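What follows is a pair of complexes built around chain A, which joins chain B in one and chain C in the other.
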Partner chain A sequence: MDFNVIIDNLPFLMKGLFTSFQLAFFTIVLSLSLACLIAIGRISNKKYVRYPSAIFVNLLRSNPLILIVFWFFFLVPLITGRPLPAFGSVLIAFVVFFSAYFAEIVRSGIQSVGSMQIKAAQSTGLTYPQTMRLIILPQALKNMLPALVTECVIVFQGTTIAYIIGMREFLHSTSLVAERTIRPIELYLFAALVYLIICFTGTRIATLLEKKE
Partner chain B sequence: MSLPLVEIKNLSLKYGNYKALKNINISFFPGKCVVICGPSGSGKSSLLRCVNKLEEFDNGDVIFDGQSLKSAKNISQIRSNIGMVFQHFELYPHLSVLNNITLAPIQVKGLSKKDANFNAMKLLERVGIDDQANKYPAELSGGQQQRAAISRALALEPKLMLFDEPTSALDPEMISEVLKVMRDLADNGMSMLVVTHEMGFAKDVADEVVFMDEGKIIERSSSKSFFENPKSERAKEFINKVLLKI
Partner chain C sequence: MNYEFNWSMLLEEPYIDWIKEGLLNTVQLSLMAWFIALTIGILIGSIRMMKSPVLRFIGTFYVEIFRNIPLLVQLFIWFFVFPLLLPDDLMRAWNSLDGVPFLTALIGLSLFTAARVAEQIRSGITSIPKGQFNAAFSTGLNTFQTYRFIVIPYAFRIMIPAISSEFLTIFKNSALTLTIGVAEITAAATYIESDTFRGIEAYSVASLSYMFTTASVVIFMTWLENFLRIPGLIGKK
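The block that comes next holds the complex of A and B.
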């Protein structure tokens, strides 16, 4: 065992880790915003809003992430005739995929607040969008925070999928170094440790938030 | 006599196959305190919620202050003229008492934060809980929460106040503090529709009593004659049950 390979290649590995963080961060921010809209669509009493939202969620949740990534990387360019940049296409795939999962968390969060709060807010003359924004979503967010943090951990783990289209996220960078230095054990141990620290921290935060309730 | 503040015309409401309200026709006049009573499931809360269209009614119409609710495009604006108080208070748990009260004046009426705060503090003083302004609803007793909820409804300076069983979720010793606030409102000429089982309030404070059963209005009388001389058998039975409940 020679862990010096890690120190020697640390800048390269950290660049990969940074890419993973970037992908996770933008995925979380964008898919959570999209998820709020989809979740509100899911509970709408208008069928032409509710049905498409439900179809979207169920379609995406019934497919593996890797297939969605394939679609955007290989198949969309076939249809449109021009390739998407790797980061862009992976990001779109991730946002589409994870927004379906986030949407279900947001939906159950909204429904946990209770319809009487909506009635109370509307009785004071607030419009439906104002009611959602000022009364329901802030309360829902508090209820769904543990589940959201857990899902963020899953997103971070999911960034490894970007490996398959050659994006240099952390796992890919690690494997490149492993192949070059012929030190796979040290490098993959290091990778495992890094994922463990990050994901365990996330799960601990989720548990603490749950206890705070 | 002045024009009615609320005019309910041929109003029907269904929950699935269950008919909650059956062809209701009734008018309420400004400055009056009217108690709506009746056995549970008689449709009194449903009727109240139709007055600000929190329930989508199937048939008929409600005219509030000359505006038809059925065809109203600006229902939020109409609702801001009707205060409502709920059985379980429904204060916003994530906001302080003060912010519960100032939210709608700021968002709906466009008041400045300063003015809204000033008005809110006056209201809280009026209901006797100005020392609780910066606490969260969960830190207040039930009676204090309901008084805060009444302040929230009053903050929009409504033309009508709806009370949906405002004391039913309260411990007995807290009921009087809420009823006192309501009596004070009635004495000051507020138009009020009150769904309640508090027959003492109905007798002493209300101008009129409307008695409902099975989604219909059975009778409407001055509160004095309702208790002394009810017209319908059903009302007689009800009064005997609630007054002799010892």
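The block that comes next holds the complex of A and C.
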């Protein structure tokens, strides 16, 4: 084994890792915002809001991420009339997919806050959106923090799927170097180690947050 | 949007055969992997609850390694790296096997999911009151017997929801094995799409298969959960 091959190609590999982080970051920020709206829709007492939100969540949660990526890769150019760069198409698929998972976490977070809080907040004259934003969501956020961190780790692991449609994220960069240098052992083990360190840190944080409560 | 639907082409040769083969592969792979993952997962999960620090460390080590490396990377390692690390004659024997992608996928999926199952098992066992262990020991059961007769049957029922959701996870995760050449249902959909440019029809078949299976498993597991509920524990109606 010759690990020099990794040092030689480090800048290229790190560029891939940066793309992975970018994809994970934008996915988390965008899908979490969308998820808050969906979660509020899921617990709404209006049927025409509750049912579509429930269908959206269950539809996405029963499909594999890779299939959702294929769907959007095919559908987006069809709708917009021109092909989108891989990053855009993957990001849309990821945001839609993970918003369903985040929505379930946010929903159980909201439901962990006592229902009397809503009544108390509204009796002070706050409107429903104000109650959600100022009273319920901040408390819910604290309760769901461990689950959110775990889900962020899953998002980061999920970015490897962008490899399949040819986006040059970390796994793809690794496989390109592995093919060019014919050193698959060193490179794939290195990739595994990098993912292990990052994701292990994430799961540790989640465990610590859980214990703190 | 300009798209003409042609659903009937899905029933034509050879597409209908691709779909059948894809479904068969997905179901076979997920069921076999789930079974292996449950076996290994129960073992690892129990090891993590033992008194011996060495055994506990092995259990924790396994879970952290297999849980924190993305499944796709693990599949690549089993597919590209593992055969290279074998001694020469073993490597030749491995490469001459039929269906190496399927076997690789089975190993990768099972070991990945076993780590998740082990976590579920551990939290299931931790949720059992300590008094149960003491009561079992006081009747003269040894550690193995306590787990075999008291803890596992008890914990298993508490964990049914988690274990069924692991089956659904494995079922969806099996789609990733298309990257190492397993012709499962998502792969079949992509073959049809690239052959006919009919993405909506092709991906609908795959999506509907996943949704149908998910719905069936959820319905069956809800029934099973009710059927096996421990009276007095989780409010049996």
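Just so we're on the same page, the second predicted complex is superposed on the first by the 209 of 213 C-alpha atoms of A that agree within 3 Å, B and C clash if a C-alpha of one lies under 4 Å from a C-alpha of the other, contacts with A are read in each partner's own complex, and residues count from 1 in each chain.
Keep this in mind: a contact is a pair of C-beta atoms (placed from the backbone, for glycine too) under 8 Å apart; a residue touches a chain by one contact, two chains touch by 3 or more.
All figures in this text were calculated on a predicted structure; none of them were measured in a lab.
In the superposed model, A:Cys199 makes contact with chain C only, not with chain B.
Once the two complexes are laid over each other on the shared chain, residue contacts for A:Gln157 go to chain C alone; chain B is not touched.
Touching more residues of chain A than its counterpart among chain B and chain C is C.
Of the two partner chains placed by the overlay, only chain B lies in contact with A:Pro138; chain C stays clear of it.
Once chain A of one complex is fitted onto chain A of the other, the partner contacts of A:Leu67 are limited to chain C, with no touch recorded for chain B. When the two structures are aligned on the shared chain, A:Ala191 is found in touch with chain C, with no touch to chain B. Legend: residue contacts after superposition of the two complexes on their common chain; A:Gln122 is shown touching chain B, with no touch to chain C. In the superposition on chain A, A:Gln130 makes contact with chain B only, while chain C stays out of contact range. Looking at the shared chain after the overlay, A:Val29 reaches neither chain B nor chain C. In the superposition on chain A, no contact is made by A:Leu10 with either chain B or chain C. The intersection of chain A residues touching chain B with those touching chain C, taken from the two complexes, is empty.
Put simply, chain B touches chain A in their complex at residues 49, 52, 54, 76-77, 79-84, 86, 88, 90-94, 103-104, 107-108, 152-153, 156, 162. Taken together, the chain A residues at the contact with chain C in this complex read 59, 61-67, 70-71, 74-75, 78-79, 153, 157-158, 160-161, 163-164, 171, 175, 178, 184-185, 188-189, 191-192, 195-196, 199-200, 203.
Those residues of chain A that touch chain B in the complex are listed here as 116-117, 119-127, 130, 134-135, 138-139, 142. Touching chain A in their complex are the following residues of chain C: 1-3, 64-65, 67-74, 76-77, 80-81, 84-85, 168, 172-176, 178-179, 186, 189-190, 193, 199-200, 203, 206-207, 210-211, 214-215.
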